[in-house]
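Working notes for the structure below.
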Amino acid sequence: MIKDWNLFLFPYNQAAKEWKIKLRGIREEFQLMDEHSPIEFVTSRIKAIDSIKEKMVRRNIEPERLTEDMEDICGLRIMCPFLDDIYTVVDILRKRNDIDILEERDYVNNEKKSGYRSYHIVFKYPIELLDGQHNILVEIQIRTLAMNFWATLEHSLNYKHPDVFPENVHKRLQEASETAFELDEEMSEIRKELIKDAKRHQQEGKKNENCNLRK
Amino acid sequence: MIKDWNLFLFPYNQAAKEWKIKLRGIREEFQLMDEHSPIEFVTSRIKAIDSIKEKMVRRNIEPERLTEDMEDICGLRIMCPFLDDIYTVVDILRKRNDIDILEERDYVNNEKKSGYRSYHIVFKYPIELLDGQHNILVEIQIRTLAMNFWATLEHSLNYKHPDVFPENVHKRLQEASETAFELDEEMSEIRKELIKDAKRHQQEGKKNENCNLRK
Amino acid sequence: MIKDWNLFLFPYNQAAKEWKIKLRGIREEFQLMDEHSPIEFVTSRIKAIDSIKEKMVRRNIEPERLTEDMEDICGLRIMCPFLDDIYTVVDILRKRNDIDILEERDYVNNEKKSGYRSYHIVFKYPIELLDGQHNILVEIQIRTLAMNFWATLEHSLNYKHPDVFPENVHKRLQEASETAFELDEEMSEIRKELIKDAKRHQQEGKKNENCNLRK
Amino acid sequence: MIKDWNLFLFPYNQAAKEWKIKLRGIREEFQLMDEHSPIEFVTSRIKAIDSIKEKMVRRNIEPERLTEDMEDICGLRIMCPFLDDIYTVVDILRKRNDIDILEERDYVNNEKKSGYRSYHIVFKYPIELLDGQHNILVEIQIRTLAMNFWATLEHSLNYKHPDVFPENVHKRLQEASETAFELDEEMSEIRKELIKDAKRHQQEGKKNENCNLRK
């Protein structure tokens, strides 16, 4: 078994801190260039020891396979304003040389039965410890603010109610998730329209300029 | 006019840092007691110098009245999971001895025409500077994650489109805000039902215990 | 006895965070004004639970008197570049309205037998908790970088050697502390001389200007 | 010339944040293992734009060679308690796979004429930006608390006195640096003696145990 959990979790804590800096850096770079940032904010969490133990039993993971087989001990979360921003972020992450992607799961278009939506990326990250380099797994969840609203409240409802939801609650939560997703789509639609409008105005402006120049 | 904006904004920056610590402390205390926290997360921002100047012109605020008359130079934002949490937070803030409330505005139940919803509290806060104590105004905005979703995206749509939205976009945004608010209400309903269920189970459990004891 | 140490220590942690912000703010204000800052850096620490327990036994402090009688559970430390800066900082702290000083101890000029030097200020600070306002004690230690060098290394030598130092080590540490203090005095001397020089140059510059003007 | 300094400095800021996390991690790992940490604290600074410009002129560095030729735009500083700790830290850094050392300069044993002492390591670090990976230079300065005391005060004396020190001040500063170094050596001596003592006691303890066992 794991003798010293603090020591076991140290590289995961270290990776969480380093990646929070790296991912927030993406947002800062967009802001510096005065462009729309596909990242609104970034959070991180280390899986609670009790949750790790519970998952080891449920998924039948041996202690010596923990580092390789449990993907979400170190978790980062990226919140995006708009739906499209999710895939912009995925593209940015795929191109990075400091991310060696092992797995991607698109729960945005293929939501879980509960109604949960997010895009998951799992990658291997080398952490330097005093006894050398160690590879650990890091999971990044990418979601919109609306998905995060739903996931946070669903998690909060689950809290201290460890049993499954009654069937009618389950249904209402699924529907709420659907409504949140439709809100995301509507906001994207509005955005596209405004961008189209802006381009049209720009072109009309140029035409008028040309007209004026010809006079 | 303000000669040195960095010096003028220093106490506001200082207040923002202190209050971020204080408000995040509320969340930590709930978590330490293993109770539901009405605060999900806290952010702060100092009003950009250009926005201050623009508002001075628009609201006709003299430079020497800036400290007393502009309420949102130092802005804190509290995001709550559920609708009711907003008023729990308001109550907590009202009871604090380090907050001297000057004004409250309930845009939760009286949303702005744009669709904007939040609860605003403005208070006076003494900051210690090298030349003595100075009172500045601090504004705390309290909103749900759903309201924050809407406000963030609406603000993002406004970005680089400084003109008013076209009428149809304005309407669609109002409707999106309404839908987000209904989502908040639905999640609150679900929560109340689950709490009622949990209490009923608890009581039935006790009844059964009593039955067993009588046998 | 204290049932839940995390809950007991919560207000101390909170005060440490708030005061780190406040004290670092003093440094920032000097830097903003482009003046010499008497504060080089600020650190904080919460007394380890084992150390609190050990001190309760040693000083015969009852658990219900812990909040009133143990002064250093919440500890801040201010490091100053020069000797004089210590008293500049003490003056700044004395004038603040958010500090209600209970005790001052000048171990700068009256060093402890070990050779330890620092200026200690203990004050009462109101912390807002969910069940109302609580007064806790906060200790600020003010010292030069040279005193901090000595105290840090002496503490490090003590680590895992809980017994008293052998007599010859004790003596050598006292002498090292004395040498560090003489270094502080020498650096102060040099500083005063440079300031005197700068003023003389300035005045000579003015005289020359005057001469030029008269011509 | 550099058009946008904020954009130019962005990767340096990013590297400074990442490396502060990494270097502080070394200290945390020692503490987790309950061992003496050779790192007391870590700071970082980005070279001021004015200092960069001044150095470009002084060293005749072309703008397009700035990234390759100026080594100290991103500076990290590691403060060690004891003299030996400097070399322990150097060894730890040399072994890391995320550091590609370009240059080492031992100003500990070969102090500069001013009296300055520190160990400098310059390495190449890849930063991921939106337009791909960029290599920048990072400089780590490793010094004892005593060396840091001297360097901080010398720098402070230099502040607003941009000219060279008068010869007698120069001499006194050199001597102060020498005294600080002797203090470092004395503290190291004391430490070695205490460790020797502790080992002797341990062995005597074991002997006595053996004696007792034989009885």
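Think of it as A, B, C and D in the order they're written, each chain with its own count starting at 1.
By our rule, a contact is a pair of C-beta atoms (placed from the backbone, for glycine too) under 8 Å apart; a residue touches a chain by one contact, two chains touch by 3 or more.
This structure is a prediction, so every number in the text was calculated from the model and none was measured.
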item	value
Between C-D and A-D, the pair joined by more C-beta contacts	C-D
Chain B-chain D separation of Cα centroids, rounded to whole Å	43
Mean-CA-position distance for chain D and chain A (Å)	37
Length of the line joining the C-alpha centres of chain C and chain D, rounded to whole Å	24
Multi-partner residues of chain B (each touching 2 or more other chains)	none
Chains touching one another, given as label pairs in label order	A-B, A-D, B-C, C-D
Footprint of chain D on chain A - complex, ascending	6-7, 10, 14, 17-18, 21-22, 25-26, 28-30, 32-33, 92, 95-98, 126, 128-130, 132-133
Chain C contact footprint on chain D (complex, rising order)	36, 40-41, 43, 81-82, 144-146, 148-149, 152-153, 156-157, 159-161, 165-166, 169, 172-173, 176, 179-180, 182-183, 186-187, 190-191, 193-194, 197-198
